[in-house]
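So, here come the structures, one by one.
One chain, chain A, appears in both complexes that follow, with chain B as partner in the first and chain C in the second.
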Partner chain A sequence: MIPLPSLPEAHALVARSDLPIPAWLFAWAASGALIVSFFALALAWRRPRLEDEHWRAIPWRVARAAVSLPVQALCGAVGVGLLAVAVYAGLRGTDAPERNLALTFFFVTVWLGFPALSVVCGDIFRPFNPWRAVGRAAGACAVELSGWAPRHLRYPERLGRWPAAVGLVAFVWLEVVYGVGGVTGAGLSPHTVAVAALVYSGYTLGMMALFGTEVWCARGEVFSVYFGMFSQLGVLEAREGTLGVRRPAAAAAHWATLPGSLAVVVASIGTTSFDGAQEGAFKGGIEALDESLLDAGLGAVAALRLTDTIFLALTLAGIAGVYLIGVWGMRSIGGGRSFAALRSGFAHTLIPIAFAYLLAHYFSLFFFQEQAQFTYLLSDPLGTGTTDLFGTAGGGIDYAALSARTIWYVQVAALIVGHVLGLTLAHDRALVYWRDYRDASRSQYWMLAVMVALTCFGLYLLSVSNA
Partner chain B sequence: MMIPLAHLGHWSWVFYVIPVVIVVGGIVRSTLEERRRKRGGARKNAKATRRGGR
Partner chain C sequence: MSKPDRRVALAALGVVAAIAVIVGIVLKSDPGEDEQEGGATTAREATEKQSKTSGDTATDTPAAPQKPKAPAVPTIVVRAGEPVGGVAELTYQKGERARFRVTSDSAEEIHLHGYDIGKDVEAGGSVTFDFTADLEGVFEVELEERATQIAALTVNP
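Let's look at the complex of A and B:
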């Protein structure tokens, strides 16, 4: 009898050992769920339902109060205050990233918390946006003092959301590529993060002065565009001076009309994928290229950063390529729509997938790291061990609060639900583009392939990085 | 004798590609069938037109 080594012990690359079935079987099951959803949509969903948001105001006084000027001013002040505290902690606090508020605040609480909050509560970052608050206050002061409203430059419409897409990649590059040269676990020092936040604040306020606060927030301000994208999936929206409800995910249908919108959503999926694959699926490739660059004479840090940058670019290109193949396939059905029209017309279908990837990849990190955020980091933001503002400085992270199996099931559920929602949005849009529901369904074979590919890719990344 | 399976984990991605291959294969097959049917229909129409002309 031949002794077979247990695979997880041999290389720890197959799947979590505590799962009842191999991880890849989840990918097969998820693909099955997508195929069943596809045929269910083809049979039962024969007219577009998500083109109209059906927004209606909530008839309670609190809905109007929630978006009133004093509340907005208060939220803006809270946003500015939190940014100031985080920057101060980064500049003056300890260099140990796990003890300093700055890193967890920027990269976990804000970066991962606001997408989830935006889906649930609508565009909640908008009132808390510190740069928008400063920009609006400065504009109001200028009007008050000079008696005339400042004139802004006309924003080049061709640029659309491209500045936000580039900024999004730059932000993640700072975290997962630039940071790898550091000696700490997080890779980035709190001081670097604080300086980056100050540079970004200067850049953002400058752009707001040039093009106007609201115009820049809608197109170029990375965080407004990024969190605003996820808010399109939710049911709450402030409009006409009050809070209202709309059909879930219906707002997404008209989000991708600006140029660069596809780039934003692809950047979101691509950067999350790269972050998940860096220490898992891409590890071997990254090490091989890194060695080649070292042999070519590059320094250790430069070689690693260049390698990671190349892999990040390849991941972005890969995600964009899969989507564009789907669009190319759709075009073969006919209907007279150009490739460019289909490309932007279906870009919004990737928003739930971007959220699913985010949730699946960072759910456990967020869950554990927020325990640190709301205990010792909040009481001792500088991490010097000398302050205990709220009496929680002695707190810690309870890693037993969430089992590995629970994390895996949340990840799988997030990916399946996200892709089914993406498929639904795509089907609904196809019913608008191809009047005959049979043609619309046939066009969506290709989007089904895109969704199955992205689901399997996401589960593969998770299975490898979890192992 | 030991089977060198230590690196088998590197090939786990194959299991994740299989569903994608099945779906893409199904789409390509149905697209080709559709084209063939359309071409066949066009040929029949052309024949009918020629007969009608005679």
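Let's look at the complex of A and C:
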């Protein structure tokens, strides 16, 4: 018998969950975050350093070649091809989520892989974005064939990135709420995911036709906005037809100027938190509410989905609330900035926290699940058991490859580094807003409290048993 | 930063530090989360969770055996495709011998994920899992066809 690499239906793909970080590590990490914060205050610089990106072109020829049109076209074609394969696998492949390429590809490889890739390589999703590729190709064809340049509607700028924020929550909702674990028949099937991908493709191409490809990618296209947000932390950026380097994290300083940007980063932190808390910190609350909804006459699946939706909304509100209290506190320092200006002015300082949360919660899942992605899912994308394209269909996941300790240390390190980066960005921005150094420092006690709260909350989620 | 400001900062951070320490202590006092390096404790080899009302599953709670000579084997009772008493919790130290039994009133395929051990049980029969717990993490035990979780197997390092 072939050893079946296996994952349960529940919670889409998780066969193995991390052990909660032990109390001693929690205590060390929380203290570490505080000590680091002390140093941050003591050593902080007095002039803003991250307001200017200092972008410089890389002088090698390969930098220009990397962003040339043929390379972009090739990347776009790869993106479209992969989307097509994943949708096809979802529609025609097996119903077993863990044996079908579609779920792992969308929810693990792409959704968790691109944030990390974006930090390292810059906005690498942009060339691979299948919808952008189709949109650009369609636009170019239209001009070529008819000489008629497409005229677009003016995008309502007040909306900013709100469509992306809503889409982001919807995507995660599909994964962790709609595909609820534990209730038979309610799991997320590959077929549902494929249909959702097709619906989203139609919606995205329609919006691109209405408002223009690049406009929609910068504001409404969930994946472009989400992955693009993380790319702001990195040093590589394509500009003026070539690849260049910039100061790390400096680009983030100007990312949050569009309305709705705060919503995107809060959605990222909130959805990750909810997923981490669902079977740990919130378990008791979820069970209690679920039972009262069952008593109220709802069906089992509906009751659990409604409960989870309510808790997801509460988590998002909680994260936003903590941040807004910090902003409210900063406002009390004076300096003439409005609440709204401060609110968007510091939104980008949460990006490193969002990335830290992602790493802390999904690092091990990604590591294990990618083994499946590149062995049996690659060779047998439909999960039929009859194809073996690359001779790796017999492979499986080696759960011994990462020890529990390694995972704990990565989780804690991610949160603390994210904490430091968030503090750094906030300090730098405060120096711009409050010319007086002392006022800037005083305002930052508030952001410090926000960061410490979010870091300790992240640690707390990791320390609560999820069994 | 001027002197008074620094004092305010120190005071504020002191308060936060105190809160963090208190939270740490509270968490530390939680049962079953103590750090126990080296001494492989077989005492809580298996603990059954009694989350729901019916408490008739905890048929055998091991009374801290010194050697894994004849530890009581925890039994998960499956009735009508559901674990009686809720999802059972089984806890082991890495490297320990892990054993548990599943009895079911219906024919089922029982699957321990991660370790990837699958066994069939007949209606009214029982099946015993016996293996070395060498993978760390929390793993699900499922009724494969129904995708119903019946136990969570925790292996601590």
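Please note the rule applied: the second predicted complex is superposed on the first by the 416 of 467 C-alpha atoms of A that agree within 3 Å, B and C clash if a C-alpha of one lies under 4 Å from a C-alpha of the other, contacts with A are read in each partner's own complex, and residues count from 1 in each chain.
The working rule: a residue touches a chain if its C-beta (ideal position, glycine included) is under 8 Å from a C-beta of that chain, and two chains touch if they have at least 3 such contacts.
Since the structure is predicted, the reported quantities are computational estimates derived from the model, not experimental observations.
*Asks:* When the two structures are overlaid on chain A, which partner does A:Phe457 contact: first (chain B), second (chain C), both, or neither?
*Replies:* First partner only, chain B.
*Asks:* Once chain A of both complexes is superposed, is A:Ala449 in touch with chain B (first), chain C (second), both, or neither?
*Replies:* It touches chain B and chain C both.
*Asks:* Mind working out whether A:Pro20 is in touch with chain B, chain C, both or neither, as first, second, both or neither?
*Replies:* Second partner only.
*Asks:* Touching A:Leu69 in the superposition: chain B (first), chain C (second), both, neither?
*Replies:* Touch status of A:Leu69: no partner.
*Asks:* Identify the partner contact of A:Ser31: answer first if only chain B is touched, second if only chain C is, both if each is, neither if none is.
*Replies:* After superposing on A, A:Ser31 lies in contact with both chain B and chain C.
*Asks:* State whether chain B or chain C is in contact with more residues of chain A in the superposed arrangement.
*Replies:* C
*Asks:* Answer with first, second, both or neither: which of chain B and chain C does A:Ala404 touch in the superposed model?
*Replies:* second
*Asks:* From the superposed pair, tell me which chain A residues show up as contacts to chain B and also as contacts to chain C.
*Replies:* After superposing on chain A, chain A residues 3-5, 7-8, 10, 15, 22, 24, 27, 31, 442, 445, 448-449, 452, 456, 460, 463 contact both chain B and chain C.
*Asks:* Would you tell me which residues of chain C are touching chain A in their complex?
*Replies:* 1-2, 5-6, 8-9, 12-13, 16-17, 20-21, 23-24, 27-28, 30, 33-35, 89, 111, 113-116, 118, 134-140, 142, 146-149, 152, 154-157
*Asks:* In the complex formed with chain C, which residues of chain A make contact?
*Replies:* Per the touch definition, chain A meets chain C at residues 3-10, 15-20, 22-24, 26-27, 30-31, 34, 37-38, 41-42, 181-182, 184, 187, 396, 399-400, 403-405, 437-438, 441-442, 445, 448-449, 452, 456, 460, 463, 465-467.
*Asks:* Using the touch definition from the top, list the residues of chain A that touch chain B in their complex.
*Replies:* Checking each residue of chain A against chain B gives 2-5, 7-8, 10-15, 22, 24, 27-28, 31, 35, 281, 284, 329, 332, 442, 445-446, 448-449, 452-453, 456-457, 459-460, 463-464.
*Asks:* Under the stated contact criterion, what part of chain B meets chain A in this complex?
*Replies:* 1-3, 5-10, 12-13, 15-20, 22-24, 26-27, 30-31, 34
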